[in-house]
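Each structure below is given as structure tokens.
Next come two complexes, and both contain chain A; in the first it sits with chain B, in the second with chain C.
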Partner chain A sequence: MSVPGIFSALEVAGSGLTAERGRMNVIASNLANARTTRTAEGGPYKRLDPVFEAKSLAPNAFDPVMRNVHKVEIGRVERSDEPGQLIYDPEHPDADEAGYVEMPNVNVVTEMVNLMTASRAYEAGVTSIESIKSMASAALRIGR
Partner chain B sequence: MSGQGIEAIGQQLRMVRPEDASNIRDGFDQVPGIDEGSLSETEQVGFSDALTAAVDDAATRGHDAHEMMKDFAAGRLDDLHGTMIASEEAGISVKLVGSIRDKLLDAFQELWRINV
Partner chain C sequence: MDIIGTISPLTQAMDFHLARQNLLTANLAHVDTPGFRARELYRVDGFGGALEVAMQATDERHIAGSGSSAEWKVDIDPHASVGPNGNSVDLDREAVKVASNNLRYDALSTMVKGSLQGLRWAAQNGR
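== the complex of A and B ==
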């Protein structure tokens, strides 16, 4: 849309939903691989963390408010290289000579907290979309 | 003014001579904005053009939303909220066009009711 208006607000809120959905995917990946000891790069799975970036919606807009409105998007996904927990399990095919297996550095409790944050942030985005919608409906009621 | 006010005005109107009437018309011609020649080409964008643009915009949004829903249903698209936002945008656009049309029809009816 050329003129920023009610639909650009929907676009911004939608970008928030997309970003939170991406975060949800990354968290799901971390949780699913909480006990994965083999990866394509070798070694155990390392926890991933999405980095959100602000992106200007209309950098050349005349309106100073619209110039400062930013969408959000996942710029990159950071990989944590912290060492994982070592578990003594000599039977494990990925155990080293001493019989220790390095587990992924994923903390399930932390991931659950992040999951709740992502899901609440998504709900907040949906709530803002609902209120943008009701503002548009209210504006249309002027003409009635 | 007494109860005979309206009749008195009627009497005065009947007394207006043709040359006075032409003076009145001359007066109207001097009112800025009534003279069509003073409007530039860009200012003369008709109401129907604006309405057509709004209808086209709504139709495009509706078409996009329809395509997204089809893709989503067929599994080609995974963007649930994007689809919903597109269909909401289409709905708002159609409602806007509808209320513009209602306003236009109201104005037309109003003109129709004028007693000449």
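== the complex of A and C ==
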């Protein structure tokens, strides 16, 4: 694929959908573990944050447009090391000597806002796929 | 003014809009990528496109259009404002661009289809 066409556009839009779905998975994990105080690494659950990266579809293409068309993918998932809220609960099995339990540093409201932006971005990707499809059928109608 | 000559600027314009659709789709996909700058496709001076057809001289006393081939270049969109994470993609703005680009492409393909129908009509002796 060295010139921009229907399928390169579809591939880029598809990579956007995959990335946004991946982000939704991470957000779902954060929300599900909003009160998890015990993990395999020890200590409370720490919130995860996916970082998107641009990856050129054809870095060596002669066509300048193709060199500038980038797929999106989740480059890495960062773990936030911010301390979580301390709650006084001496009966809790994970409480320290002073009776405090460290909760995960997940803010449910923030996660919900992120979930909504991911959902909007996903819808935008679907819309652009619809648009590309309608362009392809317009081009196919020429021959009829 | 011949029909074949009319079609070629139209197909160049279709190529332009398909290439632009690729860039706009990539912009939309990168709405959450930190540091990503929205890109835009610009026509370089001398680009004829669909307008060239309307401007073609059909009489020797007319002033002809510039009559050149399609040339375009990719650039960072200077009108897009950069957000806190260095990303300059505006979801609504890009969605409007995608929709209008799609519409232009459809219009061009309809024009090409019309030209070819004219050619077919002539080839069949007006039947």
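Everything that follows uses one rule, which is that the second predicted complex is superposed on the first by the 140 of 144 C-alpha atoms of A that agree within 3 Å, B and C clash if a C-alpha of one lies under 4 Å from a C-alpha of the other, contacts with A are read in each partner's own complex, and residues count from 1 in each chain.
Here, a residue touches a chain if its C-beta (ideal position, glycine included) is under 8 Å from a C-beta of that chain, and two chains touch if they have at least 3 such contacts.
Source: prediction; values computed, not measured.
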| item | value |
| --- | --- |
| Touched partner set for A:51, first chain B, second chain C, both or neither | second |
| Chain B versus chain C as contact partner of A:8, first or second or both or neither | second |
| Which of chain B and chain C A:22 touches, first, second, both or neither | neither |
| Touching partner for A:127 - first (chain B), second (chain C), both, neither | second |
| Partner, of chain C and chain B, that touches more residues belonging to chain A | C |
| Contact residues common to both interfaces of chain A (with chain B and with chain C) | 6, 13, 144 |
| Chain C contact footprint on chain A (complex, rising order) | 3-6, 8-9, 12-13, 15-16, 19-20, 23, 51-54, 64-72, 117-118, 120-121, 124-125, 127-128, 131-132, 134-135, 138-139, 141-142, 144 |
| Of chain A, residues touching chain B in the complex | 6-7, 10-11, 13-14, 17-18, 21, 126, 129, 133, 136-137, 140, 143-144 |
| Contact set on chain B toward chain A in their complex | 79, 81-82, 85, 88-89, 92, 95-96, 99-100, 102-103 |
| Of all residues in chain C, those that touch chain A in their complex | 14, 17-19, 21-26, 28-34, 36, 39, 41, 72-74, 91, 94-95, 98-99, 101-102, 105-106, 109-110, 112-113, 116 |
